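Structures incoming, each one as structure tokens.
Below, chain A partners chain B and then partners chain C, in two separate complexes.
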Partner chain A sequence: MADLKEAIEKIKEIPGNVRGDIIISNLLYIRSKKGDIGLNKVKEKVKELNFSQSLDKIRALEWYPESLSVSIILSAKEVFNWTEKDVFEMGNSSTKTSFIMKALMRYFISIDKVFEEASRYWDKYFDFGKLNILEKDKKNKRIVISVEGHNFHPDICIYQAGFMLKIAQLSIGQKEVEIKETKCFFKGDNCHEYLITWQ
Partner chain B sequence: MIDQEKEALKKNNQRMREDLEDLQRYVDELTVLLPLPFCTVNPLNLILGVNQTFQEMTGYKEMEVIGNSIDTLFFEKKDLEIFEKKIPSQKQRISREATLIRKDQKKIPVDISALARTDEKGNFLGYFLTISDISESKKFQEKLEQKVKEKTKALELKTKDLADSQTAVLNILEDTEESRKKAEEEKNKTMAIITNFTDGILVFDKDDQVILVNPKFERIFGVGFQEVVGKGLDDFKKNSHLSDLMASLSKSPDFQNNNHEEKESFREEIRVDEATTIEITTVAIFRDQEKIGTLAVLHDVTREKMVEAMKSEFVSIAAHQLRTPLSAIKWTLVMLIDGDLGSLSEDQKGLVQKAYDSNERMVSLINDLLNVSRIEEGRYLYKPSHISFNEVIDPLIEVYKPELKRRGVNFEVKIPKKQLPKVVVDTEKITLVVQNFLDNAMKYTPKGGKVSFLISVKDKEIEVSVKDTGVGIPQDQQKRLFSKFFRAANVIRMETEGSGLGLFICKNIINSHKGKIWFQSKENEGSNFFFSLPIIEARKLK
Partner chain C sequence: MKNKKEQEKISTLLEDLNLLESYAQELFSFTPLPLFFISPNGVILEANPSVEKITKKNIYEIIGEPVETVLDEKEIKRIIKETLKKGSTQSQEMFLADKENKKIPVNVFSQARRNQKDKIIGCFLGLFDLTEIKNKEELLEESRQVLEIKVAAKTRELQNLADELEIKINERTKELEEKIVELEKINRLMVGREMKMVELKEKLEENEKKIKKLKNNHG
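Presenting the complex of A and B:
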């Protein structure tokens, strides 16, 4: 707990806001997995991390500190003793309940279209950082995406990978889509880089 | 100024966020409250969103189902692909039936409807899919189909039965038609025979109503069938043409008797008019022991009657003409025998005696012939007198006793000791009957035989019998014994005398006294002849 509190305190210092929609999606996911009791535990944990914002009053389109969103993910991981895989699953599932994502999904008519618009989607969720399509190779069925300026916590890289994978799955139309973080800020790279491949 | 613009922009953004949040709440409420299960599907047929009812119907939570292919929810995957391919090109909602596979693997028949979503440029963005549970209506439909199947099957069976019945009925009809034609032919034949029959025919039903007459009947009685058919015996009592006929028919036992038994046909003659005599014969008609009617055949015997009358007349005239010379011969022979014309030698006397006997037989024959003529002409008059039966019998017994003794035949007489009752008889005729019985017994009983004369008095009649131990009457000839000129074969062989008229005359005499006559006989053993007469009290006679 001491480590988490310490880490969060550092994270709080990083500027950047996120739409409440992401926070709501994460809370819904936690409730779907652990029920209201589990959710309350997470809420308690977040409170202990000195966030004054009530998690019951989050509004989907309002902006909130990204540190709050990150602290929810990390608290859940600690409370439920989740692995990285669980964090990945959380990111993957958040797209399913996200109001913004639902509104955007009408444009998920092809992989080209999705990734053409990818940077715009980023802006709808975050008021910091940047998402770029570095490579789009439909022939070899691979896409390389980079994320710059989103350096809060290594677990969030995993969460982001899960999130992006779901978008890829929905636009490619098959389950056999894989994502791999090929570069990471926390590993000394200047940005995060994800390779998406499919069958 | 820039700060003011920034502030205004911020406020504007805030309002837009609030509007969007209102819109989001509205969409959320709609999604939760909408009772129809629906989902949004992207062009790749992946589920992007579901409402609450959808989750309840499928059993899948939103988290579990989003991102899955819509096909995974349904049983008919290949058919669904065809359906999905149609959606982008349709501007209207399209529907089909499918089988939803719930999370618990329970299958539910559903109706799915899809409506394509497009952007402002008309690009296909996916579709909305609604799901309606039609299990109840499906069950109803299945029940209905089952019922229809059952009904159809029952109907098919009934149709088959009907077809079989129809075939059977047609076969029966064919057979019936054939039988009807045959019956018609038979009927026509019978009718032709009846129509052309030389005798009149009158047919009665079981209730003795006339159902058929033939043209000959109409000609005989001068009536049309319309006047006769449908009427009973009593209906003709006032009909002058038919009253005698019906009176005669009503005597026939065939009209009263409903039992099927062998018996002689009823026969009776009636005169229709001065020139026509018919003989009526009736016979009861039976089918399977049940009487169905009576047939009367009317045979015209006018010619036979005329010939018979002519014969009788001839016999009568001849007999009368013969009797006068025979009387002359008789008295001449008597004078010769008595010696009035001089004495005769024994041989001469014997010859004359034989001539006398022959003449007597001739006279007797002539008398018989005259009696028969009288009977047939209805002139055999009945002269009744109320006398004791002893007065008739006693003299006769005394005459026959010595003659039978002379012939060596035992003669036994059994007469009640007390006075016999009085009877109303024509003494001369009854004497003739008793004589005839005793003569026959005497003639046909050989020497050493026996003749018994018995009289018994019963309740209302007196019975006389003459029994002999003579030659008897052959069985096959007994029926004709009371016929005119009949003589049994065995007595003809004996060459005994006799005209064959005696018993015929006897029968007519006894019948005219309302008595009965009969006999029992066995060839070579003897015969027993009987007659009975009713005892009539004097007060009744008066």
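Presenting the complex of A and C:
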């Protein structure tokens, strides 16, 4: 807990807001996996991290500090002793209940269209950072994405990989899609880079 | 000043959006009809709580899956094709498979969803669970069959009774006919005896007349 508290205190200093939609999706995911008891444990943990915002009053389109959203993910990981795979799954599943994602589904016609609009998704969710498409090679079935300015915690890189993978899976319509973080701010790179490939 | 007004405007718009979002969510969650939104290539992008109920799968197991994992592949592909071409389809009966692969009869209605440029971006599917109706239909059919069997049994019973009655009537008729023949015989005998008596009476009267006449002649 001391480690988490310390990490969160540092994270709180990083500016940037996220839509409540992401927070709600994560809370829904926790409840689906661990029930109301599990969800309450996470809420308690977040409270202990000195966040005054009530998690019961989050509204999808309002802006909240990204540090709050990150705290929920990290608290769930600690409370349930989750692995990186679980955090990835959380990111992957959050797209399924996201209200903003539903509104963006108009672009889910093809993978080209989805990633043409990818930076738009970012702006709908965050008021900081940037998402860029570095490479789009439909012939060789690969896309390279970079994320700049979102450097909260290494576990969030995993969460975001899960999130982006689901967007690709939804647009391609098949399971054989993979994602790999090829560059990471926490490993000394200047941004996060993700390679998406499919069969 | 201008900035403050802009801020107020944004805040009002955000509030309106939040209200709209809650309204859409509540409406979508409330409806007892299972509703899907699928991409043109048949991936389930959205499903309401009624879908969870009918499929016995949670939302995380449904979204992102090909629609043919829950609806009959051949039929649903045909419906998507038709919807993308015509804009909508009405009342198509097919089977939905739940988590235990139990087949549930449903009626499917579809409607294309378009973007601002009028390009189709997917389709809505509305399902109507036919289980209750089918169960009632089966019960009705069973009742009809039971009724048919009962009617047939009663008809057979009545037929047997009628046959037995006919036999009895025939026997009775035969008995009566025999009695009539006997009576006729008796009658004939009686009539014959009667005639004979009349004849004898006449003869007696004639003889009496003759005797009287003889007496008169000798007297």
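The working rule: the second predicted complex is superposed on the first by the 199 of 199 C-alpha atoms of A that agree within 3 Å, B and C clash if a C-alpha of one lies under 4 Å from a C-alpha of the other, contacts with A are read in each partner's own complex, and residues count from 1 in each chain.
Note that contacts are C-beta pairs under 8 Å (C-beta built on N, C-alpha and C of every residue); 3 or more make two chains touch, one makes a residue touch a chain.
Computed from a prediction, not measured in an experiment: that's the story for all the values here.
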### Query
Put the two structures on top of each other at chain A: do chain B and chain C fit, or clash?
clash
### Message
According to the stated criteria, A:134 is in contact with first (chain B), second (chain C), both, or neither; which is it?
### Response
neither
### Task
Could you list which residues of chain A make contact with chain B in one structure and with chain C in the other?
29, 32, 59-62, 93, 96-97, 99, 102, 105-109, 166, 169-171, 173
### chain C contact footprint on chain A (complex, rising order)
29, 32, 59-62, 93, 95-97, 99, 102, 105-109, 166, 169-171, 173
#### Entry: Complex contact set, residues of chain C against chain A
14, 17-18, 21, 25, 37, 39-43, 45-46, 58-60, 63-64, 66, 113, 115, 119, 121-122
#### Entry: chain A-facing residues of chain B, complex
17, 20-21, 24, 40, 42-46, 48-49, 61-63, 66-67, 69, 117, 119, 123-126
### Task
Would you mind writing out the residues of chain A in touch with chain B in their complex?
29, 32, 59-62, 93, 96-97, 99, 102, 105-110, 166, 169-173
